[in-house]
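Shared between the two complexes below is subunit A, which pairs with subunit B and subunit C, respectively.
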Partner chain A sequence: MGLKRNVSLATALRYKGQGPFLTYILHRIGGLGMAVFITIHILASFVGGKAGVFVNSIYENWLFQIFIFFCVLFHAINGLRITLLDLFPKLLEHSREAIWIEWAVFLPVYGLAVFVIVHTALGG
Partner chain B sequence: MATTKSRTLPLTKRGLNFEMFMWMITRLTALAMYGLILIAVIGALIMGARTQMNLADVMRWAFMPNVTHVQDTNVPDLAPWSTPFWKLTASALLLVATAHGVHGLVVICDDYIVSSRGRQIVRWISIAFMLTMMSIGAYLIWTS
Partner chain C sequence: MQVTLKIFRYNPEVDKKWHYETYDLDVDEKERILDLLELVKGHHDGTLSFRRSCAHGVCGSDAMRINGRNMLACKTLVRDVGDKITVEPLLGLKVIKDLIVDMEPFFDNYKKVLPYFINESPLPADGKERLQSPEQRARFDETTKCILCAACTTSCPSFWASDDYLGPAALVTAHRFIFDSRDEAASERLHIVSETSGLARCHTVFNCTMACPREIQITKAIGELKMATLTGKVD
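Right, the complex of A and B next:
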């Protein structure tokens, strides 16, 4: 089976893929998160009624918004880095620096968004 | 390290099979989505989002410019938000995002499914799933 691994979970978590691996796995989590969210959201809107309204009201919860905006923003910014580096392969020599730039863009934008979301949730 | 010669082959020498084609589509649809989202944000600002909507409302509209996403805001008139232009933009975003997303799911499945028959089954399921979501999404956009 593909999921069977020959190392312990602790060793797997200590995997030294470092920055590039972190972006890879967060890109995957973000993509999966969006795929699941958008599928359920479209189906809930299609079904409508009480069940549809209930499901869509979960998505308006500020905790969920913090999660889904992480998925969307990280996937978008990391995807832009991947696209740029793939379309201009000469930039691949600077891939580590590109990841630092990516975090420098992501953290302030996401931080600001989380601040706004929490501020609104607290009745600001 | 000092080599200036590119180690990548030009596109014409790489050949074009289905995987290469989908690799390209993933990048191009990503660029298309940036463009469509930018159009939605600019359009919202032109239609008065600056004083009638908050950040979350603009984001909700930007990621899918469908009129139901602004009906709970302070926008006085929903008519400019449900023109054929916005329905076409939303449809384009739906088709592009579904293709991009379903192919992403197939890539993830390919990483964890070892039997080639299993991967083949996932491909067929993914095509059926993609067409279903595109139809339901288009129905919702054009009837809302």
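Right, the complex of A and C next:
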């Protein structure tokens, strides 16, 4: 008797875990995004023909490039933060500050990259 | 002040599905969420079910999701959560009735880490205490504060995915004994927590640390355990 223990994705995403939980969710999105990108990339080179050109046009699209650059950069910087905290557990007391530093590094680098991608795409 | 309290309701004897019920209450902003639940149970609907015992943040029986986040109902004031309050049961454990969840899987995991003092050596010559320096005692002080409320474990995405995962609370208890200089079963416990359903499932998400009503640095304790399994050192 009783309700099942299953936690749906929608319920999990609604949990108010604040800043650290947001980085966890974005880290997973980044990982999935890269997996999708690599799969499309490999498929495109095998498929060839019209379908291949179509697949290529997806990942050459500047909107997709903005997305994939987010995935790679966020996954890398967040992964570095987690690795450092895991290697030096004492630093885990300063997790909040570590997340601020992460955003302080990520936002300007990503902003610059988005600027360059958009500028190039719009014929700059 | 006027508050709207929305409560997750499920009675296995009459309901096929859970639902919310909403109560408009006139309360003081310094009252606790537990007081509001008592008010509803006493004056609006006596069938409302929830756990509580000490009402002072000591027994750990009234952890629940308050406005989407795990907290103790007896330590959360109305003024800290606002006038629209939603109360739901903990995630990742079966709901038995309303806000009461089945704590068995949580305590099963707790038992796996041997949550008791182990020392088979003969007592010291005076037959009294096994002495320990203040520094040795301080080493695990933080993790002695756990009240087993389950707020941490049920905020953890790895536990939501599978209740095989030991979970933060069991790991906090493992830490409490592993780093106790008087205990002699550190290597046995390190072996238990390093199995696949243990430390490897912690992805340093921090939900546990944010949820702990005792402000235990849970992720740090788990980090120290991870290091101890790598180095084999527990000092």
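One rule holds in what follows: the second predicted complex is superposed on the first by the 109 of 124 C-alpha atoms of A that agree within 3 Å, B and C clash if a C-alpha of one lies under 4 Å from a C-alpha of the other, contacts with A are read in each partner's own complex, and residues count from 1 in each chain.
Following the convention adopted for this analysis, a contact is a pair of C-beta atoms (placed from the backbone, for glycine too) under 8 Å apart; a residue touches a chain by one contact, two chains touch by 3 or more.
Note that the structure is predicted; figures quoted are calculated from it, not measured.
Of the two partner chains placed around the shared chain by superposition, subunit C is the only one that A:Leu85 touches, whereas subunit B remains out of contact. Within the superposed three-chain model, A:Ile66 lies out of touch with both subunit B and subunit C [touch as defined at top].
Contacts of A:Gln18 after superposition on the shared chain: subunit C is touched, whereas subunit B is not. When the two complexes are overlaid on their common chain A, residue A:Ser95 makes contact with subunit C while staying clear of subunit B.
By the touch criterion stated above, A:Val109 is placed in contact with neither subunit B nor subunit C. When both complexes are overlaid on chain A, the residue A:Val7 reaches subunit C alone and has no touch with subunit B. With both structures placed on the common chain, the touch criterion links A:Ser45 to subunit B but leaves subunit C unconnected. Contacts of A:Leu32 after superposition on the shared chain: subunit B is touched, whereas subunit C is not.
In the overlay built on the shared chain, the residue A:Ile117 is in contact with subunit B alone; subunit C does not reach it. For subunit A, the partner touching the most residues, choosing from subunit B and subunit C, is B. Subunit A residues 1-3, 82, 86, 89-90 lie at the interface with subunit B in one structure and with subunit C in the other. Those residues of subunit A lying in contact with subunit C across their complex are 1-5, 7, 11-12, 14-18, 20-21, 24, 82, 85-86, 89-90, 92-93, 95. Residues 6-8, 27, 30-31, 34, 54-56, 59, 63, 68, 97, 101-102, 104-105, 108, 111-114, 133, 136-137, 139-140 of subunit B are the ones touching subunit A in the complex.
Those residues of subunit C whose C-beta lies close enough to touch subunit A in the complex are 10, 12, 18, 65, 67-69, 91-97, 102, 105, 155, 157, 160-161, 163, 203-207, 209-210, 217, 219-220, 223-224, 226-227. By the touch criterion stated above, subunit A contacts subunit B in their complex at residues 1-3, 28, 31-32, 34-35, 38-39, 42-43, 45-46, 65, 69, 72, 76, 79-80, 82-83, 86-87, 89-90, 113, 116-117, 120.
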